[in-house]
Structures are given as C-alpha cells and as structure tokens.
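Okay, so chain A shows up in both of these, paired with chain B first and chain C after.
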Partner chain A sequence: MEAQKREIKRKLRQLQSLPTLPPVVSRLTKLIGDENTTALQIAEVIEKDQVLTSKVLKMVNSAFYGFPKRISTVSSAIVLLGFNVIRTLVLTASIFEMMQSEDLGLWEHSLGVAAASGILAQHLELKNQEEVATAGLLHDLGKVVIRAEFPHFYKQILRLVEQEKLSFLEAEKQILGMYHGEIGEFLVRRWNLPERLVEPIAFHHEVEKARKYKKETAIIHLADIIIRALGYGNGGDPWVPGLQDKAWRWLGLDRKDLEELLPLLDERLLELRFFTLEIQGLGFA
Partner chain B sequence: MPKICLLLKEKRPAWVELFEKEGLEVCCDYRLPEAIDNILSQPPDLLIIEYELSPELVYDLLIALKTTLYLPFLPVLLVLSATEFQLDWERYPVDDFFSPDILPPELLARVHLAFARARRLADNNPLTGLPGNTSILKYIQDKLDKGEEIAIGYVDLDNFKPFNDRYGFARGDEILRALARILTNVVRTYAGDQGFVGHIGGDDFVFVCPLPKAEKIAQEIIDHFDQVVPNFLDEEDLLKGCFISEDRQGRTCRFPLPSVSIAIVPNRQGRYKHYGEISAVAAQIKKYVKQIPGSTYLLDRRKAKN
Partner chain C sequence: MRVAAEVKDDQGRVICAPGLELDASILERFQRLGVHYLVVEGHPVNFPWERPLEEDLEELEKRFSHTSDPRLLMLKELIKQYWQKSRKPE
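Moving on, here comes the complex of A and B:
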C-alpha cells in the first residue's frame, strides 16, 4: 500500500490539468465569444465548476503574480488576473472526453455543498462567506482527480461500493491506501491555494485535524451531510456520513437554526436546478 | 525620429542607407574620439558597435553609457565575427549581437526588435513591472503636446506606512502588486490602447485615459481594490475593521483598513502644456481626497482662469 501511495503522489506531481464537464466549458466559450460579456458573468459560471475554479485559483496564487496563498475567491482572482488571462484559461480548459452520469452527479453534489456552505457561513455571520462557499465547491476535488487520473481505481472503488455496501471513502482507502481528502490536500497545497481553503478540503471528513480554520472545516462537513441527506447530486455512494460531535459543537447550532436554514437552502437549490438542467441539456443534446 | 548610432570598423554606406530609408536618424563618426564624444554628450536611441574596433574601448564605453549615464535601457547591438562568440557575456552589457555579414532584412528586424524591447523594458518598476517615471513623463508629455483630451489619475494607498509596520514589507509588496494588476486590468478594459498605467514608486501609481472614461475607471479601481483587499488582511483585523500600528510620531493608533485615493486631473481643451503643471494640480487635489475616509476619487472640476 505504501508503494502505491508513493506512486499516486508521483502521478499527482505530474498532473497538468484536470478535465471538467464539456457543457460547462462550451457555455463559457460561448460567453467569451460575445463582446458584451462582463467579467462578472464569467465569474458566475466559473464559480459553479470545481475544476475551473481550482484552475483560476492555482493561476492567481502562482509565484509569478507575487501574492501566493492569498486569493481564495473566483471574483478576486478575476479582478487580479484580468479578462484576457481568464479567457485564455477557459479556452485551454480540458474536458472529459466521455462524460458519465457520475461526473454530472459529483458536479451537482459539489455545487449543492457550495450553496449549503455559503448559507451556513451567512447564518453564522462569518466574514468570508464567499470563501467558505468556494471551499464547499472544492471539497471533493480529490474525487475528480481519482476519476480523471486513476480511472481504473475509480471503477474498482465504485464496484466495491456497490458490492460490499461500503462508503465511497472506505472503498477509496481499501483500493488506494488513501482517500479523496488527502489527494485534494496534496494538490491544493502544491498549487499554493490559501490555507483557509486547504483545511476544509483536507479535513471535511476528519474535522478534529483542522488547526486554524475549524469553523470553516466544520461548515463543509455539515454542508456535505445535508446535501447528501437531501439526495442532491451524487457523492459516490448512497449513504449519508455521520455528523461528528466536534463539528456540531464548534458551530454552536441547534435544531431551530437548521429549521430556519433548510427552506433557504431549498430555494437556492431550486435556482441551481435551472442551471444544472441547462448543463444537462447541453451535455446530452 | 529615433536616432541610431553606428560605431564600426569600416564605412558601411549600405547600412546607413538602409536605416535612413526606414526613417531613422543615423549618426556615424568614423573617427573614434569624435564618435565617443558625440555618443556621451547626446546619447542615441540605439547603438550598434563593432567589437573588433577596440575590445577594451568598446567595453569602457558600454559601462559608461549603461551605468554612469544612467542609461541602462539604451539598446546596444554588438557586431561580432564568428571567431569571437566566446565573449564573457556577464561582463558585456549588450542586448544583442550579429555578424558583420548579416543580411539587411535581418539587420532591420533586429533593430526594430531592440527598439520594441527597450520600449517595453524602459524603466519598468522591478516590483510591479509597470513603466516608471521616465516613461510616465514621456507618455504624458507626448499626449499634452498633441493637445489630447485626457485625464491623468494619481492613485495611492491610504495609511500604507502603518500597514507595512503592522504586516511587514512582504505583505506591503503583495498589496502593491495586487493594486498594479487591478489598475492594469481596469484601464485595459475601459481604455484599451488609449490607456496607460505607470508606477511612480512606493505606493504611488498613475494612469492616463481618455477624459470621458476617467470617472468610470476610477470607480472600478476603487470597487476592485476594496473587493480584493480582505485577502491580504488577518482575520482579527477584518473583524475589528481596523488595525493597530504606530503613526509617524511613533504613537500607537488605530488605522482604518487599507483603501485607495485617486486624484484626477483632466486636460480639457489643451489646458496644460507641461507635465509639471499636472503633478502640481494633482498634489492639491490629493490633499482633499486624502481627508475623505475610505476609498475615494476626486476629479478637478475647477475652470481654467483665463
């Protein structure tokens, strides 16, 4: 298993770019082709895709620009990179050659977690709500990596989930010797993403490991559970992970808070449906 | 008209003709002392010099031009025969070289490339890569000479010194780089080729754009800066909405979070003739902008006296 972990990390170090969903890219390409498109409209679409968001953040946090590990939101990245750089980034984005229904499911799951994280951050009156939503969007980046870079292992994991009724996470550990949190962490650290994004991505299944960004990590942990419980998108298996005591305590929420928040979330998810339906339509047309 | 100076071992009327056809002013003294005298008293815009002429002298001349005369960006092209390619390139402050039997189209291409590169590098600020004072002055003076209706915006950060004291110079540099990116992107978006951004030094920047775009650009710079600045602050200061540092007298004070001030000087109907007038007016306006808390801009709307 250790040798396999080393091999996985070796491959991650060489990773150039992650593919994303073809319809998202084609929608962006269309936007960019239109002279009247504003940076804000482009940001709105990029913010709905974990791969493109990570790509933009990787670029703006690269040494060349001179402020590594600082920028954690797409809107800031666009302001700093400028329209031309964003344009080039989008036009050179790679896409999945074969889009599978799981790809779309994971994409929707991430979008849902981003929405739920944003709503929780707002309710808790955190200063950096947009950033927490971004962390929510990126939390399962490791799963995209497994799907795109290790398709063989990915199939084995899915088979194990189905046959042994294991959680996706348990199956990852059995097949890979590591799981998507560790893989995501390894990559976003290499890409100089800010620590406030790294911790939630790395520890949303092990909140006790969070050091500086406990609340943010706990929010993503809870958002993940809520979105899975609502059956929005697909996180890789049909089970809902357990809520960790520590996370619940750090957030200081009670049942009444949730009763207040869930209708807000429903509304937001309904809005997102329009977008995801459009993307689905584009994908299978 | 850009002046190109040839310092060669033998007469090359073909080259002179070639450059003159391109609309360049050519100077070529074939007697070395005169040539050097001329170059040092009236530096050209580009120098082509032949190594074989006198290796030591060529070296001394280059050092004089590039360091003593503060012309580090004067492009120098060295004519070098194939047997001399082993030069110590660390020692020779030249920008390019070619062999004496170069074909005319290549020679022209290299000269134009050297000009373009010099324009690009000019006196760019090492921190932000933006053009520095010489380019700023040249650009603005050129626009004034043409009587164009432009606006010149002077941008600086409020309380940058205490910010540096609180967060350290590295973080201060990061904010300056971010501001440089914002200025470049916004001016590019709204003014395209008609816009210009320069870095005067420290936290002082300048932009130039067509007059009707000035306020839109200033407002967008402010919006973008205010949007990005939280990325550079620590959580505790963000929550407090201020930071604690020392003022110029060494007293501990509360300072508001970093913001930008922009003083805009419009050149209506060719009102100004010299760059100096612009910077004097800017200094007056800046005094007012600086008194307003938060990120703001102010456009000078006073009428001309005459």
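Moving on, here comes the complex of A and C:
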C-alpha cells in the first residue's frame, strides 16, 4: 500500500488530464502577496481574460454565497469576497467546468455543501464566511482527481461501493490506501491555497487532525452530512456519513439550530438547481 | 396562486411583499424587472427533479440505513418533518 501511495503522489506531481493552472494565477499569487496591491489592480489582471471573468462572476453570483445583489464587476467581487476566495475561484474555474460536464452529481453535491457551509458559518458568526463556503465547494476536489487521473482505480472504488455496500471513503482506503481528503490536500498545498481552505479539504473526514481551523473543518464535515442526508447531488455512495463527536462538540449545535437552518438551506438549494440548469444551458422558459 | 416571500429583482431590491395574488400580467412584469424566481404558497409546482413525497421519504430512510447515531437520527426526523410540512398540498 505504501508503494501505491508513493506512486499516486508521484503521478499527482505530474498531473496530465486535469486542466492546468491558468497563467493568470501566478500573476495573481504575486500580486496578492504584495500588501500594497489594491483590489482594482487584481481585478484588472482577471478582467483581461473575458472568459475567466464571466466564469468567476457566475460563481460569485450563485446562490451558495447568497449575496442579495447581483455583483457585476470583479473589483466589487474582490471587496465582498476577499482576495483568497477570488484567487481560489480563478484557480479552480477549469476544474469546476470539468465537474459540470463529467460528474454533475458531484458538482451538485459540492455546490450544496458550499451553500450549507456558508449558512452554518453565518449561523455560528464565523469570520470569513465566504472562505468557509469556498472550502465547501472544494472539499471533494480529491474525488475529481481520482476520477480524472486514476480512472481504473475509480471504477474499482465504485464497484466496491456497489457490490460490497462500502462507503466511497472505505472503498478508497481499500483500493488506494489513501482517500480523497489526502489527495485534495496534496493538490491545494501545491497551489499554495491558504490554510483556512487546506484544513477543511484535508480533514473533513478526520476532523480531529485539524489544528488551526477546527470550526471551519467541522462545518464542512457537518455540511457534507446534511447535504447527503437531503439527497442533494451525489457524493459517491448513497449513505449519510458518520458524524464525528469532536465536530459536533466544536460546533455546539442542537435540534433547534438545525430546525432553523433547514428552511434557509432548502431555499438556497432550490436556487442552486436553477443555477445548475442555467450553466448547462437548460432552463424552464 | 399567492406570493409567499418577498420578491426581489436582479439588484436585490424588494419589489413585492408576500401575499400578492399572481396573474399572467404580474408575472410578465416581474420577468421584465429581472426576477429570476419567486416563492409561492403551498406546493403547486412539481419541478423536474422532484419525486412524490412518499418516494423521497423512502429514499431518506435508505440513506440513513447505515447509522444508529441518535444525532443523525434526529437530523433525519427534522428533514422528514420539514418535508411533510413544506410539501403539504394547499
């Protein structure tokens, strides 16, 4: 298994079929690293690429961030969501595109977890709520990588889920010796995403490993459970994952909180259904 | 059919309070004002992704079939109650 893990990591270093990072990302990383950079300067870099601009604005205006007003410029998006969120959206725009076309169920699951994470972060009055929602959006990035880079293993995992009734997570561990959280972590660390995004992606199934961002990680863990419970999208198997005691304790939620959150989430999920139809070029009209 | 929640245009401005009775001309005006969706009382519309409530409840039970965690079973009960309440025909 250790040799297999090493082999997977070696292959991850030389990713082929995942969309490569747009060159604009390295420019953005440099700019964001400079504390004198303004939102306008960053917006100018993004806006040079019209396709990218429209992709970013589409995501920013989708229901999982839940802004009441339409955001029409990249600079206002940066002011509202912060540099890190915009950089992450730029970075992952092509990956989401691949998800939309190849695994709609996982795309919907990710959008749903993003919405639920944002609502939980707001309810718990966390700072950087948009970053928590973004972590929700990216939490299953590792599954996208397994599907794209290791299709043979991916099929074996699905077969185990189907035949042995194992969860996707258990099947991954059996086939790969590792799971999507570790793979996602490997990738987002290489992209130098902030730790606030890395920990929830890496540890949403092992919350006890979170060091700095325990609440954020616990939120993604619970959001994943709630979205699976509602049957929104497809997370790889049909069952609700186990709830970890630490996550529940860290969040300090009770029945009343969940009762309050369900209608809010239901409304967001309905908007997200329309969003998904819209980006697929379908509609009701 | 009545509006159940504030209707907002694409700038997030509230253009109508809950309670308004809808007709074709109002819907047309909403469309012109950039309204993407609105929430109405009851459950008069079946979306393409929706199944009958009984089927959804059955699927809900299946999704929880691997767990006996009381906190998760509470979540299941809350979802069940919420669906039964919100999807009750008018």
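Assume the second predicted complex is superposed on the first by the 192 of 285 C-alpha atoms of A that agree within 3 Å, B and C clash if a C-alpha of one lies under 4 Å from a C-alpha of the other, contacts with A are read in each partner's own complex, and residues count from 1 in each chain.
As a working rule, a contact is a pair of C-beta atoms (placed from the backbone, for glycine too) under 8 Å apart; a residue touches a chain by one contact, two chains touch by 3 or more.
What you see is a predicted model; the values in this text were computed from it and never measured.
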| item | value |
| --- | --- |
| Partner chain in contact with A:259 - chain B first, chain C second, else both or neither | second |
| Partner chain(s) touched by A:273 [first = chain B, second = chain C, both, neither] | second |
| Touched partner set for A:76, first chain B, second chain C, both or neither | first |
| Partner with the higher number of touched chain A residues, chain C or chain B | C |
| Touching partner for A:158 - first (chain B), second (chain C), both, neither | neither |
| Which of chain B and chain C A:166 touches, first, second, both or neither | neither |
| Chain B versus chain C as contact partner of A:230, first or second or both or neither | second |
| Chain B versus chain C as contact partner of A:67, first or second or both or neither | both |
| On chain A, the residue positions that both chain B and chain C contact, one per complex | 67, 70 |
| Chain A-facing residues of chain C, complex | 8, 10-12, 36-37, 39, 47, 49, 56, 59-60, 62-67, 69, 71-72, 74-76, 78-79, 82, 86 |
| Interfacial residue positions of chain B with respect to chain A in the complex | 127, 173-174, 177-178, 181-182, 184-185, 188-189, 224, 227-228, 230-232, 235, 238-239 |
| Contact footprint of chain B on chain A as seen in their complex | 39, 65-67, 70-73, 75-76, 79-84, 127-128, 194 |
| Sites on chain A touched by chain C in the complex | 67-70, 167, 225-226, 228-231, 238-240, 242-243, 248, 255, 258-259, 262-263, 266-267, 270-271, 273-274 |
